[in-house]
Each structure stands twice: as C-alpha cells, then as structure tokens.
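The structure is given below, and queries will be raised subsequently.
Letters A, B, C and D mark the chains in the order given here, with residues in each chain numbered from 1 onward.
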Amino acid sequence: MEKYTPSEMMIIAAARALAGVKTVFVGIGLPNAACNLARRTVAPDLALIYESGVYGARPERLPFSIGDPALVTGALSIFPMPDVFALYLQGGWVEVAFLGAAQIDRFGNLNTTVIGDYHHPKVRLPGSGGACDIATHARRVFIVTRLQRRRFVERLDFVTSPGHLDGGNRRQELGIPGGGPALVVTDRAIFTFDDETREMTLSSLHPGVTLEEVRAEIGWEIKVASDLEVTEPPTEEELRILREELDPQGIYR
Amino acid sequence: MEKYTPSEMMIIAAARALAGVKTVFVGIGLPNAACNLARRTVAPDLALIYESGVYGARPERLPFSIGDPALVTGALSIFPMPDVFALYLQGGWVEVAFLGAAQIDRFGNLNTTVIGDYHHPKVRLPGSGGACDIATHARRVFIVTRLQRRRFVERLDFVTSPGHLDGGNRRQELGIPGGGPALVVTDRAIFTFDDETREMTLSSLHPGVTLEEVRAEIGWEIKVASDLEVTEPPTEEELRILREELDPQGIYR
Amino acid sequence: MKLMSMREAIAAYVHDGDTVAIEGFTACIPFAAGHEIIRQGRRDLTLVRLTPDLLFDQMIAAGCARKLIFSFLGNPGVGSLHAIRRAVEKGVPHPLELEEYSHAGTVARYLAGAYRLPFYPLHSYVGTDYPKINPNIRFVDSPFGNGRVAVVPPLNPDVGIIHAQRADVNGNTQLWGLVGVQKEVAFASKHVIVVVEEIVDEEVIRADPNRTMIPGFVVDAVVHEPYGAHPSYVQGYYDRDNQFYLEWEEISRDEARLQAWLDEWVYGVRDRAEYVEKMGPETWERLKPGTAPSGQVDYGRYV
Amino acid sequence: MKLMSMREAIAAYVHDGDTVAIEGFTACIPFAAGHEIIRQGRRDLTLVRLTPDLLFDQMIAAGCARKLIFSFLGNPGVGSLHAIRRAVEKGVPHPLELEEYSHAGTVARYLAGAYRLPFYPLHSYVGTDYPKINPNIRFVDSPFGNGRVAVVPPLNPDVGIIHAQRADVNGNTQLWGLVGVQKEVAFASKHVIVVVEEIVDEEVIRADPNRTMIPGFVVDAVVHEPYGAHPSYVQGYYDRDNQFYLEWEEISRDEARLQAWLDEWVYGVRDRAEYVEKMGPETWERLKPGTAPSGQVDYGRYV
C-alpha cells in the first residue's frame, strides 16, 4: 500500500484515541473520518452526534456539511436545537468532542472569532457556533488541527472556547462542567495535557518528524514528555479502511 | 323544550362569555361543554388547549379525562409537557382559562390543596396540577363552580392559585403575568371583579334566583353591582345544541 | 443490546431508598414496572410523578414509599386516591412525606436535572402559599432589571421508568400520542428503564428518526411487556380501562379490599404476562381501538 | 385562513427597523422570503439567525441590515461569508453592528423570549471573552448554593420567518428532518410568517398530530412557495444545491459580481415562481432526492 500522508496519520491517530468511547460530538471533515474509522476499529459502539441535531447517522454519501440531508435520512434520532445544547451537551452525555481552531494556546483555550482586535478585526472568523458550548461541556475535548505557528500562539486574540484557562485547577474552580482539552492531534505530533499544570505537552512525534520541526511551529516553549514516543504508523488495515471505505475520493489525503 | 337546569344555565352563561375568544385552556366537564357550545355559537374560531398537551382536539366520544386517547386521535397538535407550561401558557398564548376550586375568596384566590392545616389536613385535596400555573398566566381566568357556602369562604386554608391576592393592583405590582380572574360563573349567579378594588361583585342573578339566596351561600358580605342584572335565560338554540349535540346522555343536566 | 425481563430490570436498577420517577401523563403509565417493584418488596422509595394516579396509590398502599414528590393527586376523571389520602390524613399504613409543586414546577425540576442546571426558572408561585411549605421554591432577581422569577432546583432520580409504543434492542425509543415528560425524565435520571409494547427492528426506528424521543445511549434496560401500561392506555394499542379507574374508587376506599386486590393482581401473579392472561382475552378485546393511520412522510434518499 | 402571497406577507409584517429572525439550521432556510425583503427595499433591520449563511450575506450586501445577532458566520462546508466580512472588516457597503453568542446562547435568547422569562440560564461563557464584548451575557448565583450560571435576556423578534414542508391554511405546520429552532422562534416572535412547500388539507395534519410543530394560533401568514428554500434544502423535497454554495464563495468575494448576481436573481425576478422558472427544470431534476418513506404509526380510533 502507498505510503500514508500527514493528514491520514492525523485521522488515524485521532481514531485510535476513541478506543472504547460511546458518544462523540463531531463536525464534518477529518474528525468525522476519524470517528468512522474508530467505529470500524477501536470503538464499535461509538455513536456520532452532530450539532445539527442528528444522532446515529448512516449517510449514503459523504456529507457536505453537518446539516446534510443524507445525515438525516436513516438516522436513529433527530432532535431540535435546544435539545442539542441543553439536553445532550449540557446534560453531560457527550464523552468526547472534536474541535478545531484558528488559534490555540498552551492551555488548550481556542479562538475561532477574530484575528486582531475584536472591534476592528484584521480577519473576522466564523465565531463560536457550538464550539464554546462544546468546550464547556464535553467530558473530554480532542483538538484536531494542523501544526502551524500562526495557530499555536502564546496569546489568543479572543477566547472563544475555554480550555484549561490559565492552567492548574482553574477550570474546575470556576465550575466549568466538562473536563476540557485532553488531546491535540496534529499532522506532525500528538500532545496531551499535564495532569497538574494542565499545560500542553508533546507526547508523540509522528514517524520521521523531529522535535525541532515541532518546536518551530509553536509560539511558546513547548513542554516535552519525559517518555516522548514515536507515533505508531498506520497499519495496513487502518489505511485500507480509510482509503477504500471512508475516503475513496481521496479528499483527506 | 323542557325547562333548563341550573347546570345548563351555568354552562350556557360560561359559553357566552367566550364570545370572540380564540384560545382557551380547559379541563373535562362543564367548562369543556361550555367551550364546545361557544364554538358552535359565539366563538367559531375558538381553539381548545388541554393540559395534557392537546390542541385542536376532535374527539369521537365524550372524553373521560383530559388525557383521553380520543382527544389525541385527530387533534391538530400534540406537544410535550414542558411546552404546555413554558411555551403555551407562560408564553402568554392562552386568552382564557377555566378553573374550579374547593375554596374561593373575595379576590378570586383559589384553594385546591387542603381543607384544614397543610401539615395535618382534614381533607387532602388534589393540589395544583396546572392550576397555579394557569392562574398565573392566562390573560383572563373564568372560574366555574357551584355556589356553595363551603366554597365561597372568607379565608382560604391554602392559596394554591393566585387571584387578585389582596386586591387592587397587588397582582400586577408583584409581576404576575396574567390578568387574573375575570368572571365567576355559578349555577345561581354570575360575578365579575371590580376594576379598581378587584373584589368579586355579583353582576347577574340567574332567572328566579334571589339576592338573599346568593348572599346565604357566600362567607363574606358580597358586593353587588349597581346595575345588577338577571341572566338572559338559555335560548332554544343554545339548549338544543347542548342537549342534542354536546350532551346527548344528559351528564351535565 | 439492553433487552431484559422486568424482573431483571427492577432488580438491577431499583433499590431500597432510591428516588424513582415513573412518568407518563394519563397515557403510558408503567403499571407493570410498578407492580414488579411491589412484588420485589422495595422500601423507603421517594416516588416522583406529576400525577401519582392509581399506580402510586397501589405502591404506597403496598408500603414501598417514604416520600412523594408530585403535583396532582387524583384519580383522573373519577375522584380521589384514597390510599394516599389515608397515608396523608391518618398516617395509614404509615405516614408519607409530601413535597409538592404545581405541574410547571415538577416539570421544571426535571428540566433542571436533565439540563444539569443549578435551577430552572418559571413565573409561578408568586402570591401563593407554596413557598411557605416547600423550601425548594425560591426567587431570583433578573440581572437585566426586568423582573423576578421563581426557581426550583434540579431533580435527578436514581431511576426513571417510562412506557412507550416501541423501541429497538438498544433502547432507541419512539412514542406518540401524549408524550408528557418522558424525554426529560429519561435524560434527568441516573438509570433508565424503558418498557415497550413492541421491540422493533432498528430499521423501523431509522425510517422515521424525528419520532425517536429517547436515544438509546441514555437507556439502561429495555423491557418488552405488551399491555404493560394497563389500566392506563397506549395510544393506538389499547384504550384506557375506565371501568377499572371507576372500580378503583371503591377498592381503594377500603384498606382491606385494596390489600386483597394487591394479593390477587400483584402478589398473586408472577409477572405481567400472567396478569394479562388472568385478565382474559375479553378485556383486551374490549380495549382494542379501531385504526387511525398517521400517513407517511418522505425523508428522501440522498445518495 | 392565513394564506397570502410572499409579497403580501412581507409587506404586511416586515418594516424598516424591525428585528427579523429567519431560522432553519442548514435546512429549510427561507431564501424566498429574504429575497422578497431585498426586493421591497427594507432598511435598518436587525437580522437574527444562528447561522447567517448565504441568505444574510445577500441581504447585508443588499443593504437591508443595520445589525446582526448570530452565533456562526460561515458558508457551511465551504468557507466565508464575504459580504458580511467586508461589512465587518472594512465597513463596505456600510458598517454592521454585531451581537454574538455561541449557539447555546442564541438558542437561550429565543427560549427566554418564547417562554416569556426575564432570562434563560446556561453553563457556557465562563473563562471566555464573550462577557467582555456582549453585555447581554451575565451571571447569576443559584439561591440553592449549588453554583453559578450564565444568563441571557429574552429575544422577541418583531417577525419570525420559517420554512417547512407543509401546513394547512390556518398555519398548523409540520416539519421533519432538521428542526433547528423553528418552533422556538415562532413562539418568541410578535408576528410569524410560515413558508411551505405544500398546503395540505387539515385532515393531513390531523392524521399525525405529533408531527405538528407549530400550531396555527401563533402564525400570521402562510405562504405557499415551492422551492422557496433553494439553494438550501427541504428534507424529502429537494437537495441542497451544494454547487451554488461553492459558487457563492466566488460570487461573494467580489462586490461587483455579487451586486450583479442580486440584479439578476433577486431584483431581476418578480417573485420566487419566476426564479424557479429561470433556474430551469434541470436544476430541480438535479436536486430531486429518491424516496425514503417514514412508515406509518397508528393513533387508534377511539369511539
């Protein structure tokens, strides 16, 4: 089989992290592919919940957006927006949620609102959507994003979605219900969060990636795990499922 | 046509008060009969809403309770309990609601909870159900009950459902949204509430009933309207609809 | 796969001292589940229900409960719940602690529980005696300067029990007709038992996903129990047994007669299947409705 | 009988300066209504929508709006809303005031409005920058000593506009597939316009009352407008025109090209019927889904 791409490694690493998980809150794109891969491998009971109000989708085509009609037809349940946020998410039923971000800081706080000053933005980004709510409530948040210096910044221009705030137990002290960021999966490396300081910590380099390459893309001095690992490369089976069953058009290559 | 009964007079008087009303919140029994009579006479657009979550019922039999399956089949809409209270009632969509009571005072406050002390009741009554919520929110409350001295009391044993509290603008000052009691229809007389003091005022005696008979059944000195009227007796048509179409079994005679 | 017998489900999820919410507004009242709780001799339960109905009258007469959280205490369309009244008015068979709200308040407690909020706001209770007898009814000023509202705290039952028309073996549950607070109770409860008239293939559920009110992931046990809601009704499956509701008025007035009824119809049968058989086919024939099909809608196939 | 043309409905219920909520989450976006608002030249509107989508990009490019209340500003599955970005980043064609929340916050504002509460509680916003930029996000301590929650005030739009599969002439409306916040907006708004693919006989509604999400008494106008949600979709009726969503990325990047598009497809057609005709039958053939019937349930006939 052809060698895997960094995107494929990212999807596969995210999928592995879902081992045993039962409910995941997910958008379209790479995380969706990761969830579907996990269902076929490490998490056969995984139920996907979409922000649009869909549980247990079984689309007959690759969905274009989280509101795609193909996600509705044949789903197990469709529910209104107030239920998505109050009942499913705030109710504490989501074990893992995937989020991306334009900016992320060392404590996993996320910005998807503006680049520059809020009132005079250089770039107006989409804003929260459900991200702030998801980051508040999911028991664990997995962040999937490319490792790029403009994303991994010392200071966010706007805090859209709460991570571990300024670290330690601050999040819990303020009564934020969910557990916060647990994992950052990128195209070059995997990061976890220190149990005490809650600071992002490099835990695994994808095969062939050097520590220096990773450091160069992060706007602060990244902590490195004492037992820094090299990510297990994709297995034949993982790649086969991803390429043949989930992404025959090669969109995520 | 046979002479009408006090119950029929009560139903017919309540029906007439619904002239032009579009949404009414109603239970089973006399008020239900009044609403259905109003739909065929003075309020053709009247939509009935039941606490069980039914709008626009079209039962094929006389419903036994507000949860009768015959109210569901063929209705315009069925909605969950949170919607009944938050969306329909608290949302302010109910123009008129009917309530009954074990005890009523001069300001239309109602007791359906206990006779005697709350913690050591002589008689434990059903409690509020939706009555407290209905009394809080309906734009106008119509009370339908037999005129009996044990009901029309100087002081309630328990205030289950707010009327005009201790009178005047007290209800509005405390921010209770609905307009409160507007009418008390009994088997012997009709009462309204004074625009300023909000005290219950005898406004109409049913044909053949004397002022003394009414006074004898009320536990305080009832105010009497300066233009005290005699209730228009049932028309042939009202009686015909009630007896032939709505109550062929004579349950409400 | 969460399918189990009623005996297994009650044994696994209902324990002495638990707070147990059993919902279904007039329709779909889980009588079979309540009877199994009686048979298994549960004690000191805190029972929660908007409308206690005959079922709680029976459970309280059987001595299962220490406390009742409710909002309407009546035999709907008939009269009183005499066993509960005896407990409250006379302490017979033993006293019963009451915690009461209006319906909107009980619903709000479930909502706060299901939504994991510290309180849920509603406009009721101003000018009433409720705040005097229930310390769980308090008031909050709006920080926007636009008023004051009542609030109640969350209720998260140890177990919630509901009855529905159908579910798949994973607990994805569809119900129609009166839907009450079934969904909210299922989400608020730590464990959930769903009792259904029919177990259907997952494909039946998937054909009409807007009809699924309770997703399988909140459900712990699915119990297949035809006629499990009798003498209440299940829309489209059987009618309310109004005759029995009328009879209960007489049975429940008399403590001895009520106990005899429990002996015969609850302790005296092994399970709901035996109850159904003992009731006899003429009962089910009498309660069988005609047909009133919903019509179909098209979700569209998008490939 | 509330049936009227789109022209009549917009003329009657949408006025300069109004707060206008137009909902439908990805599905059932009332494009036909928005285009008629553009044609009638409304100005200074406060537009409200969880996800502004292409429709608000068009309305804001056309100069209808003074302010936007929202929670997600994107072309779903594609990229940016460039007209809105131009207004925000460069004040072109003129500045646009923003009031933003997370989705849960916008939903909560509708809920407070629909429920006539002075605020609605939710757990979001702690540890974020939202309270700094939006004074409508405040915090309340629970009087039960069990925590602190964010609250937002009620939103009661002057008019709410939604699109659905079908309604009767009195506005009793059934929708399926994604249902978003359509019900809440309808109840929160002072006036409600419902746009539907089909007007059906009241008997169709009555056959499946659990499917009715919006009762007629909250509806002011029912507009029959087939394909009225294009380029978004209506479950079971037509697919999303993803091709157009992709094209919009290019059209909206260029202010002149966008205005030319408005000239041709909004100002240049009399109404949605002409738009549908101009699109041509091949568009509707391309977007036609296969069939996926829901199956029927039985409500039972109780006589």
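As a working rule, a contact is a pair of C-beta atoms (placed from the backbone, for glycine too) under 8 Å apart; a residue touches a chain by one contact, two chains touch by 3 or more.
What you see is a predicted model, and the numbers here were worked out from it, not measured in a lab.
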Seminar exercise, completed: CA centroids of chain B and chain C: separation to the nearest Å works out as 29
Problem set entry | Inter-chain centre distance, chain A versus chain C - centres from mean C-alpha coordinates, in Å | 39
For this session: Report, in whole Å, the distance between the mean C-alpha point of chain A and the mean C-alpha point of chain B.
Result: 57
Problem set entry | Residue numbers of chain D (touch at least two other chains) | 116-117, 122-123, 147-148, 176-177, 179, 183, 207, 210, 235, 239, 289, 292, 299-303
Exercise. At which residue positions does chain B touch at least two other chains?
Worked result: 54, 68-69, 72-74, 78-79, 86, 90, 177
Exercise. What topology does the chain contact graph adopt: line, ring, star, complete, or other?
Worked result: other
Seminar exercise, completed: Which chains touch? The pairs are A-C, A-D, B-C, B-D, C-D
Exercise. Contact residues on chain B for chain C in the complex?
Worked result: 28, 51-54, 64-69, 72-74, 78-82, 84-86, 89-90, 109, 113, 118-119, 121-133, 136-137, 158-162, 165, 170-171, 174-177
Exercise. Across the complex, what residues on chain C touch chain D?
Worked result: 116-123, 136, 138-140, 142-144, 146-149, 151, 153-154, 165, 174, 176-177, 179, 204, 207-208, 210-211, 235-237, 239, 289-303
Exercise. Along chain D, where are the residues that touch chain B in the complex?
Worked result: 114-117, 172, 183, 187, 202, 205-207, 209-210, 212-213, 215-218, 299-303
Problem set entry | chain A contact footprint on chain D (complex, rising order) | 25-27, 50-51, 70-74, 76-77, 80, 84-85, 88-89, 100-105, 107, 111, 122-130, 133, 147-148, 176-181, 183-184, 233, 235, 239-240, 242, 245, 289, 292
Problem set entry | Interfacial residue positions of chain B with respect to chain D in the complex | 22-23, 47, 54-56, 58-61, 68-70, 72-79, 86-87, 90-93, 177
